[in-house]
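Just so it is clear, A, B, C and D label the chains in written order, and each chain counts residues from 1 on its own.
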Amino acid sequence: MIIVIKPDAKDHELQHLLDRLEHYGFKTHLSEWGNRKIIGAIGDERALRDKPLSTFPAVEKVVPILKPFKLVSKDFKKEPTTVNIKGVKIGGKHIAIMAGPCSVEGREMLFEIAEKVHKAGARILRGGAFKPRTSPYAFQGLGEEGLKYLREAADSRGMLVVTELMDPRDIEVISKYTDIIQIGARNMQNFKLLKEVGKSKIPVLLKRGLCSTIKEFLMASEYIASEGNYDIILCERGIRSFDTETRNILDLSAIPVIRSMSHLPVIVDPSHGTGRRDCILPMAQAGIAAGADGLMVEVHTNPEEALSDGDQSIVPEEFDLLMKRVKIIAATLEKHIEE
Amino acid sequence: MIIVIKPDAKDHELQHLLDRLEHYGFKTHLSEWGNRKIIGAIGDERALRDKPLSTFPAVEKVVPILKPFKLVSKDFKKEPTTVNIKGVKIGGKHIAIMAGPCSVEGREMLFEIAEKVHKAGARILRGGAFKPRTSPYAFQGLGEEGLKYLREAADSRGMLVVTELMDPRDIEVISKYTDIIQIGARNMQNFKLLKEVGKSKIPVLLKRGLCSTIKEFLMASEYIASEGNYDIILCERGIRSFDTETRNILDLSAIPVIRSMSHLPVIVDPSHGTGRRDCILPMAQAGIAAGADGLMVEVHTNPEEALSDGDQSIVPEEFDLLMKRVKIIAATLEKHIEE
Amino acid sequence: MIIVIKPDAKDHELQHLLDRLEHYGFKTHLSEWGNRKIIGAIGDERALRDKPLSTFPAVEKVVPILKPFKLVSKDFKKEPTTVNIKGVKIGGKHIAIMAGPCSVEGREMLFEIAEKVHKAGARILRGGAFKPRTSPYAFQGLGEEGLKYLREAADSRGMLVVTELMDPRDIEVISKYTDIIQIGARNMQNFKLLKEVGKSKIPVLLKRGLCSTIKEFLMASEYIASEGNYDIILCERGIRSFDTETRNILDLSAIPVIRSMSHLPVIVDPSHGTGRRDCILPMAQAGIAAGADGLMVEVHTNPEEALSDGDQSIVPEEFDLLMKRVKIIAATLEKHIEE
Amino acid sequence: MIIVIKPDAKDHELQHLLDRLEHYGFKTHLSEWGNRKIIGAIGDERALRDKPLSTFPAVEKVVPILKPFKLVSKDFKKEPTTVNIKGVKIGGKHIAIMAGPCSVEGREMLFEIAEKVHKAGARILRGGAFKPRTSPYAFQGLGEEGLKYLREAADSRGMLVVTELMDPRDIEVISKYTDIIQIGARNMQNFKLLKEVGKSKIPVLLKRGLCSTIKEFLMASEYIASEGNYDIILCERGIRSFDTETRNILDLSAIPVIRSMSHLPVIVDPSHGTGRRDCILPMAQAGIAAGADGLMVEVHTNPEEALSDGDQSIVPEEFDLLMKRVKIIAATLEKHIEE
């Protein structure tokens, strides 16, 4: 950590700061740059982040040198991680596609959608049984009944299941049915929930919070890893911006940026990421072209009747075209879609 | 709800939309505006929000007319609500001040801070026992021990306690010690938690999410109210922006805007709202001048030693000046600080 | 335009509003929706936008129905526009690539870069002679000398020139040398400049402002079109967000969104759009995959020595790979790169 | 400047970087921190900012130590600057109030408004003669005729004039009539315009750009100062956010933040800063309470008839109340309103 000293700091203020740093267990190195003094503090920077350094009267600016996360960083593990879930691989050369309805609305509909998306090449079935809804008056999901349908529909095609966990008290029931636990954007910093899925050892799909920086996103994944669960898939799903034409701005540059900092695989959700049906196909193509390790797409056989987020679902025919195109784009980047 | 029809929509597409709206239980009214057709859909708009209207081929734009929330709206209750917690009033002409350390770090320190802030005029003691920390390696709070200290320190001065609930499983233990349950910014859309505090009937301090709109903020408070708990205090605590000079941008215009939409009281947290010690005094003054019903301020007798957020705490002497000034500003607006 | 009336508006306030609307030349249509009254105002909505409707005491909310722009809208012209500049086409099935250094730094270097990017398939040479720099102490460009070099280097390969205009007083000198006038992001709402290039009839590359909405972007293009210049190419070049890992967030969903509203072609600038060399290749691929009509890429033979923005330039070898890949992606979407 | 070296940088890459830094004229100091190497580069940091350091293969991160601006910084001049314009002082203990209509619409109306705002305590008359409008079809201002009215109305009450310059070609005509030249938010990075007003030596009111950081804002003021004009008043007028309830978010914490970095006075514009009439009074009070050196407020005798921005104007009676209250708040902070 580098600490820039105020030009008018008094000698005893500077000395007090140096004493405290030593007291915290750091070696210090004072240097002068023209008319500026700078302290280099050498030791476990993570411990120092927790100290209120800017309250010291001598301090102008504190500059961290190391990244705040460790286990998920590229410094810790150089090669990209390939998460292998019952034979379906995500990461490295392997692209995996997750598709299905926003909410599980009924058994029959789910079997139908599973059949269609499986045929087009999806290997993981998505669907919500417990739904986070901004309105208390909106459909909140079928609960355990929905989880059962999801499992059965996936099994009928040999697919994996991914579904969202919202409440730490539901982890047992969800674990019975799912292969991948999704942590939604609104819970990205629900630290208690992150710890629970960390302890569970079930693979986790972690969605980026609506206004979380990439560093905060990686810190949230560090919470999971720090409990011993390394099967983490990151998901870029749009961040909030000032323009309301799309529900969110899908930040595709997050893919190369995360690549430069972490070994974890990262996928893209163009449905929530834009909230507009006419944006899903172009942004799914763009996501793969930007280097994503997979996609999560909402597909519904009858979006008009969907109980949630029908506005951002595509129909199976559009999904077929999407799959056809992303296969070519993946091949251009020397990757392939898991089938 | 108003539905603008695409200029090139076909007759059968339009008819299909009208049929579906009637099927959903709405009366429809089709009118022509120059070369544009518009449908007015009359009925319970909240039900219609849940329908994927934009998936219909005839639809160009959907414009809601009513607000998505009800119980917390000014339409529902015209006069501002004054929340009365064991005799301490917040709202209307009554301004209440909450002060204390970020985290509860020890018994003695807490008694000392309680004495100082009480003397200056604070009636509610704040302090975290369960801390949401972005790093899994940072101090996570003292837990129930911290809650006990908080209660004892508050009781020693006849103060109320406010403390944060992060996990629905902790609601029982927290309820034993606190007068007000705080829902933190990161959990503003943790809908399960909102429902729990709604059921609890304990007064709630709801903090605005880092990137939540004012409408979403009010929708979150509607979750609590819809469970029958109307003792809700809103708290503006800064939103995320592109400038990193301050941790957040304290959005003081949220106060008059919320005033125009809701009857709930709203307070300001200049400590988290800026994250900078030199901004707390000016922004506390500005908050009251903008019409806030109260303040939540971090005060620490020794910020250099604080285990969390010392960077954004002021010392008791600064808090005295703050109280002196906000009393004059409150009087200018014909309000008074509860003592 | 739809005007929602306050539930507690008095009769004379409502009547006053109706009278004023008629006075402005609008036909009005009052309807009741449950307990809400709504006015439909029929006439030239663009004229009404200028009126301070929200100052009227009866008004709760004003909802525009039509888009604020006209000549550049899809309502005005359905088919996508293909801009044809001396035989190089942009738009529709035609993708055009602009490449070159950020600033023109010297004659020889420019000829070398022109040769390389032309060989890889670029048909338009970019380079700044007048540079907008955030610091008054930074290199400000070579001026007319730079324009000459640019023209000569382009001519040596039969390429077109695109370069930025910053000051209306420079339009004559720039017009002598360039085929396309670029209006930079910082000048997107420099309305005097927009009018000048509108009058000039030279094709314009209009960059989206750092925090401009898509509607404002299209309104800026309307300024140019309203002076009779329809040869407008839009350029998405990143918007500001809260995350500082990349200089900007490249908003690729702007491409399908603009497509749904306007007939103008839109290209992508992954260099300014990210500010990071390691993001250029993935985001160029993603831009074409999202449906862009072209790219603008900074290429430098020696980024270490670049006088401006070397950090976001790629070398000719990377540009070769970029071109190879975007050709395949373009073909997947049934488009082709102009050569 | 501090340069953090990649952990896997090769020796010759590091050496190449050191060589280049020496070649640029910097002294370098290499130190090791655990497993990290760091270079301190000592010399004129402003020169180094222009170099594409991140293109060097050895570089992980570049951390500037000094601020990018100089003449406007607190390092350059410690005491707050008081700008004195013909006896009206802004800065230090002196608060100055600017008021008037958005656009100059006519002579009589302007005299009437000038009389009212002068009586309430405003000493500077504002009004636009050249208007930046987002739509080419909106009222663009009266031009020189408007400037004449403005001068005459101000002179009738012994007031100063402030008006906006949009085009460098208009500087002569505007200089004949105004005491303060306003640079609008959209032109904050119109560097040619900044240089012109820098050369003019007329006092400048510089508005913060809609999405400019505080550092960029101060860099823009440095452009003016670097031409020898030090009579600069900064104006916070709202930044763009994700919430559309207000036109902008008025960032009042910018006041203490600017105070910590610069000696220049800073005022607040609650009219443009919120775009809502019901926010002007509370945010004007809040602005002064946050420590602003002045206000710029839109006042109109008949907002319903205003040709621009009537939605954000208050009437003279509201302005009277505003002035009454801000005088008390100013006194609480030991300042006074210039009269």
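The definition used in the following text is that a residue touches a chain if its C-beta (ideal position, glycine included) is under 8 Å from a C-beta of that chain, and two chains touch if they have at least 3 such contacts.
No experiment lies behind these values; they were computed from the predicted model shown.
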| item | value |
| --- | --- |
| Partner chains shared by chain B and chain C (touch criterion as defined above) | A, D |
| Farthest chain relative to chain C (centres taken as mean CA coordinates) | B |
| Length of the line joining the C-alpha centres of chain B and chain D, rounded to whole Å | 31 |
| Chain A and chain D, separation of their C-alpha mean positions in angstrom | 38 |
| Chain A-chain B separation of Cα centroids, rounded to whole Å | 26 |
| Shared interface positions of chain B, touching two or more other chains | 211, 240-242, 244, 276 |
| Contact footprint of chain C on chain D as seen in their complex | 20, 46-47, 49-56, 68, 132-139, 166-169, 186-187, 189-192, 195, 210-211, 216, 219, 222-223, 226, 240, 276-277, 303-304, 306-311, 313 |
| For the chain D and chain B complex, residues of the former touching the latter | 211, 213-215, 239, 241-246, 249-253, 255-257, 260, 273-274, 276, 278-279, 282-283, 285-291, 325, 328-329, 332-333 |
| Chain C-facing residues of chain B, complex | 2, 4, 7, 29, 31, 33-34, 36, 38, 40, 42, 61, 63, 65-66, 75, 211, 240-242, 244 |
